[in-house]
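In the two assemblies presented below, chain A is common to both, partnered first by chain B and then by chain C.
Up next, the complex of A and B:
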């Protein structure tokens, strides 16, 4: 992902900032400029809760090049408290202990290794509470 | 409109052949079988996902049509693993529009030339780059997330999924075009290495080379197969934006339209080729297509209901699992399997008295679905 692509998303990635539709209330992460539910373009920024529950998860053993140093790792769908369903990883936790419905908390982490000549990507991962 | 010719390469590792070689082989075979001259082909539609990522080659429409000696309208269609199915549907649409008489639809993919890490990265482009791939989600892990949630909501486990792979390999062992034409056991699946929990290597379709082609025509000939309907629907690319991850809404919408436009119900359908890129995908497909209630298709293969000689034959070609999954070719290969079954050409896996068949091709984790219904009654 290019430096500019990363820069465009940094607020969402670093601080869990997404969007809320002012017309119908639907939440988006990362930020969105258009509501696919009601067709409104009146969306405003909202910082979502750093807590959530595990909606689904998987321990990945076969990974892409930029993730090989952290393999195996656990990817997950997290339902944020009063927020949307988002995609991330669960770290600092024994994979065997992860279950659907468990509470998790956001932590700030390096996401993947950098491609030569590109910047390091940081963002939010989660750990079991 | 009618399918009047089919051409299919063997699926597998074709180190001696290029993407174009494979596409030409399938195309020439299909045109020959149709009884037409190449000069009677009015347009060429190519389904392919990865040629620019892996082979540094775009512009496949002109590449193929010119190599066939044609100067007709030609273009490529990309919809991840549904590229072939979408290409087929576009061919049908173009005939419906009335501008053309005969159209060649070709699905082709070349994957085995490349390192598996490059292929994995290319396939991951089907997922949402900013929402999924960025966080290390791979294609198998996206389906693993669906599987884990499915296991949580319904009472099946890895053993039931393994039975899907066993059944598809049983069929593939009877298909000489299959990439891995050999039977396996439940243990083969359960004891193979874990790719993304809970999916093992044998829950996943392989990386394959191959091409498939059909000639579509407004005019029937003896042995032609009629296209009753072909429909596409779409949904969010990222799992996180779906209403549910234990079913695929795009399949439900495409199927509903396909049944309506073909004027058939599921009771009329004799056999299915569904998109089993992972074993869980076949289970979910049988539910979304309406053959089982949600959460209840998990036992189908284990109970033997979906074998070629049972009540609902599913993936008699061996599916993506055993026949192989050269992504762009898959959707067209599914059509060819149904055509051959309806023509009584399926040899050791021939379904008894099949008259109506359905194909189901999915892109990504379900953001695109194509459902087509074919009939032997012309």
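Up next, the complex of A and C:
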């Protein structure tokens, strides 16, 4: 992702800002300008809760290059409290200690290992409560 | 005078012991721990740095009060491990916290005293009514060269203080602040160097003690007071020995400094060191107590702050105590510690 593309996502990545369809109520993360459920274009920004529960998860042992330093790590589907299902990492816990349904809270972390001379990407990950 | 409205801290979960480091370098861990009064230190997660630590400490602070974030008119971060040489940490932290564009800000660096320098700037902006609230943050992921004496203590952590001027909100009033500085080459890191260098024993008497004792005595003289006039004191903690010796020289008893000595448990968190000591003291503070804080930054300088705890501290929402963060830990092997702190170079 280019520096500018990444910059455009700061609001979503830093603060869990997504969209809600004002016609049918469907929630989107990241943001969307069009509702795939009802076809409406009446969507507004919504800051979602920084708490949720583990819906499902997987341990990653072999990762893309930019995540190598973090392996092994856990990627999970998180059901946000009163919000949508999103994909994120669960940090500071071994995969063996994570259970479906466990409560998690958002933390602010580096997303990937920085490449020399590049901008560092930051964003939300989750930690067990 | 302005004061602290709320405060927060963050310590990464990871630790490496002095024993684990000493084993690799063929040193006697007991000798080292005995000399430094440190048995283990905090280590950042692989995806943590000064920006993420500063954010987490600030979030802990902000969760304890109801505040309109758009009234935070100043945000300063002191650190000697800002992730970029050129690009501010402060704007990323402010954006992530949800503060809009109208705030005074800068990244500060003055070795280990940059956190109290942030507090001085914010206090001054509040005093001259240029800011309604301000965030002063000290955070570091300190680096020690592999095998060097500093490797046993260079740790990671952060502390954040929201400061304001409303009497009914201030939990610890700033009574006064003062500084003491000189050009002293005890510890430095060159422009393109990964690890700092230091002048070994020169870091003691002509550096740490001259400035910490000098700044505190300067304040004593100015305010016509002595060690006995304070309930608690906090001194910068490069190791466990230096603050204890400085306190003794200045006439403080062990009981006045014991709450502040986080170094014994997590090592030297550099720009966060004296501020985390203050957090630990505030976690137990009672209304009416007077707290003296003297930081130290190599190069060299010391800042003195004097706080008086107010009745409002009883109304501050309970946050996560520093002691509980310190207890939540996972030990790393030396190899894992190297991976976490970027000591392993991958081409």
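What we mean here is this: the second predicted complex is superposed on the first by the 126 of 129 C-alpha atoms of A that agree within 3 Å, B and C clash if a C-alpha of one lies under 4 Å from a C-alpha of the other, contacts with A are read in each partner's own complex, and residues count from 1 in each chain.
Methods note: contacts are C-beta pairs under 8 Å (C-beta built on N, C-alpha and C of every residue); 3 or more make two chains touch, one makes a residue touch a chain.
Note that the coordinates shown come from a computational prediction; the quantities given were computed from them, not determined experimentally.
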item: Chain A as common anchor, with chain B and chain C clashing or fitting; value: fit
item: Dominant contact partner of chain A by residue count, chain C or chain B; value: B
item: C-alpha centroid angle, chain C to chain B via chain A, nearest 10°; value: 140
item: First, second, both or neither for A:9, with chain B first and chain C second; value: first
item: Partner chain(s) touched by A:64 [first = chain B, second = chain C, both, neither]; value: first
item: Which of chain B and chain C A:55 touches, first, second, both or neither; value: first
item: First, second, both or neither for A:120, with chain B first and chain C second; value: second
item: Which of chain B and chain C A:108 touches, first, second, both or neither; value: second
item: After fitting on chain A: smallest Cα gap, chain B-chain C, Å; value: 12
item: Common interface residues of chain A - those touching chain B in one complex and chain C in the other; value: 70, 111, 125
item: List of chain A residues in touch with chain C within their complex; value: 10, 14-15, 68-70, 91-92, 107-111, 113-114, 119-120, 122, 125
item: Chain A residues touching chain B - in the complex, by the definition given at the top; value: 1, 5, 9, 29-30, 36, 55-65, 67, 70, 73, 75-77, 84-89, 95, 100, 111-112, 121, 123, 125
item: Touch list for chain B against partner chain A, complex; value: 117, 120-121, 124, 129-138, 140-141, 144-149, 152, 193-199, 236, 238-241, 245
item: In the complex, chain C residues that touch chain A; value: 13, 45-49, 51-52, 55-56, 59, 83-84, 87, 92, 95-96, 98, 330, 339, 346
